[in-house]
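Here the structure is laid out as structure tokens; the discussion comes afterwards.
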Amino acid sequence: MTAMGDVKRRRIDELAARAGQVPEGEGGVSLTKSAFRRLRRNPVAITGAVIVVLFLLVAAFAPLLAPKDPLTQYLLSEIRPGTIPGSREGFPLGVDNLGRDLLSRLIVGSRQSLLIGVVSTLLGVVVGMALGVLAGAFGGWVDTVVMRFVDILLSIPGLLMAISISVLLGQNQYALMIAIAVTQVPVFARLLRGSMLAQRDSDYALAARALGIRRSRIVFGHVLPNSLSPVIVQATLSLATAIIEAAALSFLGLGDPDLARPEWGAMLSNAQAFLSIRPELAVYPALCIIVVALGFTLLGESLREALDPKFRR
Amino acid sequence: MQRRPPRVLAAGAAALTAVTLAACASSDRDSGEGEGGGEAQSGGTLVFGAAGDPAMLDPAFGSDGETFRVARQIHEGLLGNELGGTEPVPELAEDYEVSDDGLEYTFNLRQGVQFHDGTDFNAEAVCFNFDRWYNFEGLATSPSASYYYQAVFGGFASTPDTPSIYESCEATDESTAVIRLTQVTSKFPSALALPAFSIQSPEALQQYDADNLSGSEDALSYSEYALEHPTGTGPFRFESWDRGNGEVTIVRNEDYWGEAPALDSIIFRTISDQNTRRQELQAGSIDGYDFVAPADYQSLEDEGFQVLVRDPFNILYLGFNGGNVPGTNANLALQDPRVRQAIAHAIDRETIVNSLLPEGAEAATQFVPPTVDGWAEDVTTYDYDPDRARQLLQEAGAEGTTLRFYYPTEVSRPYLPDPAAMFQVINQNLVDAGFTIEPVALPWNPDYTNAVQAGQADIHLLGWTGDYNDAYNFIGTFFAEQSNNQASAEFGSFSAPEIFAALAEADAEPDPANRTEQYQEANRLIMDYLPGVPISHSPPALVVAENVQGLEPSPLTAEVFSTVSITD
Amino acid sequence: MLRFIVRRLLQLIPILLGLSLLLFAWLRALPGGPAQAALGERATPEAIARYNELFGLDQPLYVQYLRFLGRAVQLDFGNSARTGRAVTEEFFERMPGTIELTLFAMLFAIGVGIPLGYLAARRHGSWLDSTSVIGSLLGVATPVFFLAYLLRLLFAVELGWLPGSGRQEVRIDATRITNFYVLDGLLTREFDAAWDAFLHLVLPGIALGTIPLAIIVRITRASVLDVVNEDYVRTANAKGLATATVRRRHIVRNALLPVSTTIGLQTGLLLSGAVLTETVFAFGGVGSAIFDAIFARDFAVLQGFILMLAVVYVLVNLLVDISYGLLDPRVRVR
Amino acid sequence: MTIVELPPHGDDRTGRPVLEVDELTVTFARKGEQPTHAVDGVSFSVAPGETVGLVGESGCGKSVTSLAIMGLLPRRGVQVGGSVRFDGHELLGASDRTLRRMRGADMAMVFQDPLSSLNPTVPIGTQVTEVLFEHREMSRKEAVDEATRLLDRVGIPDPARRLKEYPHQLSGGMRQRALIAMALACSPRLLIADEPTTALDVTIQAQILELLRELVVDSGTALVMITHDLGVVAGLCDRVHVMYAGRIIESADRHDLFARPRQPYTGGLLASVPRLDGARGVPLHPIRGSARDVIPWTEGCAFAPRCDNAQDDCLTEVAGSTVPLELDGPGRELRCRHPLEYPRSPAGATASGAAR
């Protein structure tokens, strides 16, 4: 061990430090941090996020953004059965079969559509998670009971379930939201329980238990937070399906009956009648639905990739 | 617990047998026609897109258009409708005489007519049918079963408390049937042109136990006769009914008494979705369909299809719940004539007619179409005048009155092609006039019809397509006195003795000329009282492919396909 | 293996019981309860009373449930309010159509999806890969009924290549044996009928199969990507096996495991989608019947159909589990 | 550069090496990240019946080297340079078909984790026989018999039954034996064992090593043993190459290496092995830092940052040249400017100690 001048030592150390970066520094970086690093690098994620944020903004400021009142029948007098005036000064996308400004209706419609999607998904997540935590945290017979129930819910195909619910609750937007939410519940319950069980048997949880930490603290302090990432992913994806399902329900005549509230699904199914005269009336709302759904899906998928260790390569 | 799995399996087994059973039924049903060949023979096959399945094919129990559409081809009544018109004309009866008191009708029957089962059509057969209706029992007497009989004849033998105007039918000889009534009614004999009063084969009726209804009022299960063996004298015979695919097949009645139809067969195929009907016509897999959306009239014409527009023979109105019936929370504001008038003035009928209804539609001034005797030139009219409406509302001190506005969803009626659109326009009108609207949307069947007929709405959209050319069939249906000096609950059971009187008087008037005047008087009274706002008469249309000839559109939507042929 | 199957069958029991309980509760929760649901709002109190007595609705709940269960097990769900026919009869009359349709849709989804997903994974990063990924994302995002309209507009109306509605050209008068039209056509040697029935499956089948297709492509791609990086694939290569062998025995086989489970889950999607697709294509299956039942508020039909469909769904998933067991030895012993 | 032939000790040594690796370089070039030199000019050779050890901490490039030899590195984003000759035939750049023909037949490999290295959905039997079908045209029956024989040979009891079983039904040791059986199926001339024992319990480790030794001895197979475990080396290898940061930093005959490690790193490795006969109180002497604290060879000795002997001239910018791999006495090579020095006294104890 020949003594070395501090100068050299420092020199080498800094070289080492520099060299240290050359291989990817996986060590020490927290999962979420690295996840977000990956997200920011992922163009898909960016695209999705941009779409989603854009539409959320539109929905939020719809009244300000909408150039016209979505309900006023501006050009009704010009409408003849079989002829609907197309786009023109002041009506960039044209008007619907009652002479209302299509653009404004699309903008304002985003509100209702997204609202239905978000609320119903939130509802599904909350209830589903409650069940999942119940099962995952306590296990034993609680687990069995809850999961049996969830399995039963799962055994009814989604839309059929939604149909039954909204037939039961009658036609209003809340019924619609609940109907969609119910179809989401079992998914989240299962998901959360699954990942919680996985987490519960994970080393750190064992370690915590070994250290004699209270179960509740382990569950809510360690297990739950760590189980959330799949839920977040699924929720993002569910938003897409929720919006599409809402459209499907209004096609089945089970949508929100309040015509004073424009909504893409309703606009779309209503426009089918004018497909031959003004396909735009159907195409635009359809595009809105598709793009938003796509946005959420992209975001969800890239979130999944970012959070799921399996995808890291 | 242990016993479950076998049960599940048992279920599976049951499933199998069920399928095979259904299958057997269908296979021998079809084995009548030659194997699988799709090639059309001489007259060819017409495929017609219907909006819904027939309920069954015994017109005596029928009340909806889809049932009658098919039944009309299979069955005939003593009277029929003039081709493309609304006047009753002799059909199975060659002619008839009415006694001076208007209570006894003597029908001279067509001779040498046979039912599809080969039995003879004669006076006995006629009376058998009349007696059959009069002697309905149990479920058959429920309004959902025998609506039209009750509308025309009242009660049954089994219901003494609601008397029937039918007294007797007597077969004085092979070809003469004498029908006696207990009172004169405008409905008779015109109503006999309704398919509900078709003369069917007594043989078949008995053999297949036609009157045996089961199930419940709203879920009637019909007899074997009604489902598999409807037997009449019409130009077409019932062939088969594929319920799974909603396909009713009828074939030419070779020994039809009249001119035998050109078509070999007609298939009525149910396509509930209106856009699908249009696209299927465009794709050429059907030859025509009914209830063309107004939006499609032009585009279909342009594509070379024949859009057959019927003369308007219907009425769309906005009904008021103007009376106050205990139980139904009627809107008291509507009892004030000024409020009712305000509504009438608020509605922009012209725009509605131009923008929402097909070409040929006209704004209505009263509750009967102009083509009906009894339509009055000089009724009080309420033109579109928002200011006047507001003013009236002010006078009534009813600004901002909240109205529960009922409208149907999931339906398209000849007089109301797009209820949602209609609602939104009228809603806008009323809001502009200073009303507050509380929309209530209900699925047409059964919720909506039940709700509005029970008088749950403040204002509601409804309409009527005439059954035959008689004003009473319109205004009588709406405004005749129901019980203890009240109108139907649909109109809030309002009480307007003079209107009730006028209608009753007209109904009982044997002389057509006088009757017409009395109807006109009734219409004036009605439009003064304004129990609702008549909005429009609109012409529903059928559409058929270029190569379909000879289909005569009927204002009653009572087309008969015997005259139709397909050219290549 | 047999024990595995039996055990899974036993696990069905609680599910089925729960299902029946759920739908029993559903009918009771309906506005006006079962009597109104069956008799309609206009029903007189006497009628309702009669009905209640008839169906024992005056009895305590558990008795009612047991009765309901008893009838359900005998597949008795009462009569349709719309047609007055036995719900079960209508179901079994229409189910074959739906089975044919979903089968076609599934085969379409699998037949196209797995190869596509595999190729996409093998050509990771190629244009084929990215297009199939984007395509699959779009597929999931498009409302089924809208897609259905577009398909028919294009292929039935504009191009006229394929029939756009129904199960069979109505002018063809085919003999019915099983109500599986394609099968019937083959059995009765009415091949033109069979072919025609098949053609009628194409458009609705594709519309219905799109979402499963999209999902299967994604899953296949992902799992192939996983598997190719597995050690045992490296081992196989180290053993110098022919590429074909490596793919067949070591990559595809393992890659299909997750796919097979998704396929099971997809049947749920299919049955849901059938309601929309069959309606748009006026296809005489259970889906369109449910649609009509919704409009007519035909609760008996809704209850019966949904319950029976759920059972079908459960059974299909059972089959999938079993096939999974066959594919993956690890499941069997566990 | 070539390696000095050792004086033959032991029997059946034809001079001709089975495998000659010359200046092998493997570079991973991921898009977005600058290329990393996983293997950087590695050269060595293996003669029939000889066992060569590649030793080093994880990430030092030994496994990559083996994969490069077998041609199992992924095509995309990897550049392989230098030369790998098998029986004088160049393998780098050889067609996929030739490589496949040779793999499993002439040269085989045993991997680290026996569970993940076996296909969970295919019975052991098939996984063995498929090699036989591939390289030795055998009938179904022959193949099965042969497979049974192989399993028996690697010491799997009741082989006939095992053939039908799936990997998850076997114990770790059994799996590794099965893998070895597959590797030996066509009695290859070269066997590469990549950490074959690390995933196993100690007792099993010994058995597996013993098995490998026997196989090599009585078949004369050339064996490349890749490990981080000096114990394994001591027990098995004739010749040892110590790798660090992608380069060989010291090569020597087993005994010499254990007796007199020259590279401080090697010394460190040996010093970190606990000894029973070590003087009481003398603490273990681990190496500072971790394998990540390296500097690129171009800037100097990669080990310098962790090295106690490090001097200024360990750095290129000071010495003016990178540290070369030079002859260091008979049969030894060394890459170090300030190696460990030893008094003349024989340090046999050291060797025997470590070699136990």
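Every chain is named by a letter (A, B, C and D) in the order it is written, and numbering of its residues begins at 1.
The criterion applied here is as follows: a contact is a pair of C-beta atoms (placed from the backbone, for glycine too) under 8 Å apart; a residue touches a chain by one contact, two chains touch by 3 or more.
Small disclaimer: the values here were computed from a predicted structure and weren't measured.
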item: Between the pairs A-C and C-D, the one where more C-beta pairs touch; value: A-C
item: By mean Cα position, the chain sitting nearest the middle; value: C
item: Whole-Å separation of chain centres (CA-atom averages), subunit B against subunit D; value: 92
item: Between subunit C and subunit A, distance of the C-alpha-averaged centres to the nearest whole Å; value: 25
item: Inter-centroid spacing, subunit D versus subunit C (mean Cα positions, whole Å); value: 55
item: Separation of mean Cα positions, subunit C and subunit B [Å, integer]; value: 38
item: Residues of subunit C whose C-beta touches two or more other chains; value: 149, 153, 279, 291, 295, 297
item: Per-residue multi-chain contacts in subunit A, two or more chains; value: 253, 272, 275
item: Residues on subunit A engaged by subunit B in the complex (per definition of touch); value: 71-73, 76-77, 79-83, 97-99, 171, 253, 257-260, 270, 272-277
item: Of all residues in subunit D, those that touch subunit C in their complex; value: 70, 72, 96, 99-105, 108-109, 111, 113, 116-122, 126, 130-131, 134-135, 166, 168-169, 179, 182-183, 185
item: Residues of subunit C defined as touching subunit D within the complex; value: 230-232, 234-243, 245, 249-250, 253-254, 257, 327-330, 333
item: Complex contacts: residues of subunit A adjacent to subunit C; value: 148-149, 151-152, 155-160, 163-164, 167-168, 170, 240, 244, 247-248, 251-254, 265, 268-269, 272, 275, 282, 286, 289-291, 293-294, 297-298, 301, 310, 313
item: Subunit C partner contacts - residues on subunit B that touch it in the complex; value: 1, 4-5, 7-8, 10-11, 14-15, 18-20, 22-23, 26-27, 29-31, 33-38, 40, 45, 47, 53, 55-56, 144, 214-222, 243-247, 267, 269-273, 275-276, 279-280, 282-285, 410, 443-447, 450-451, 454
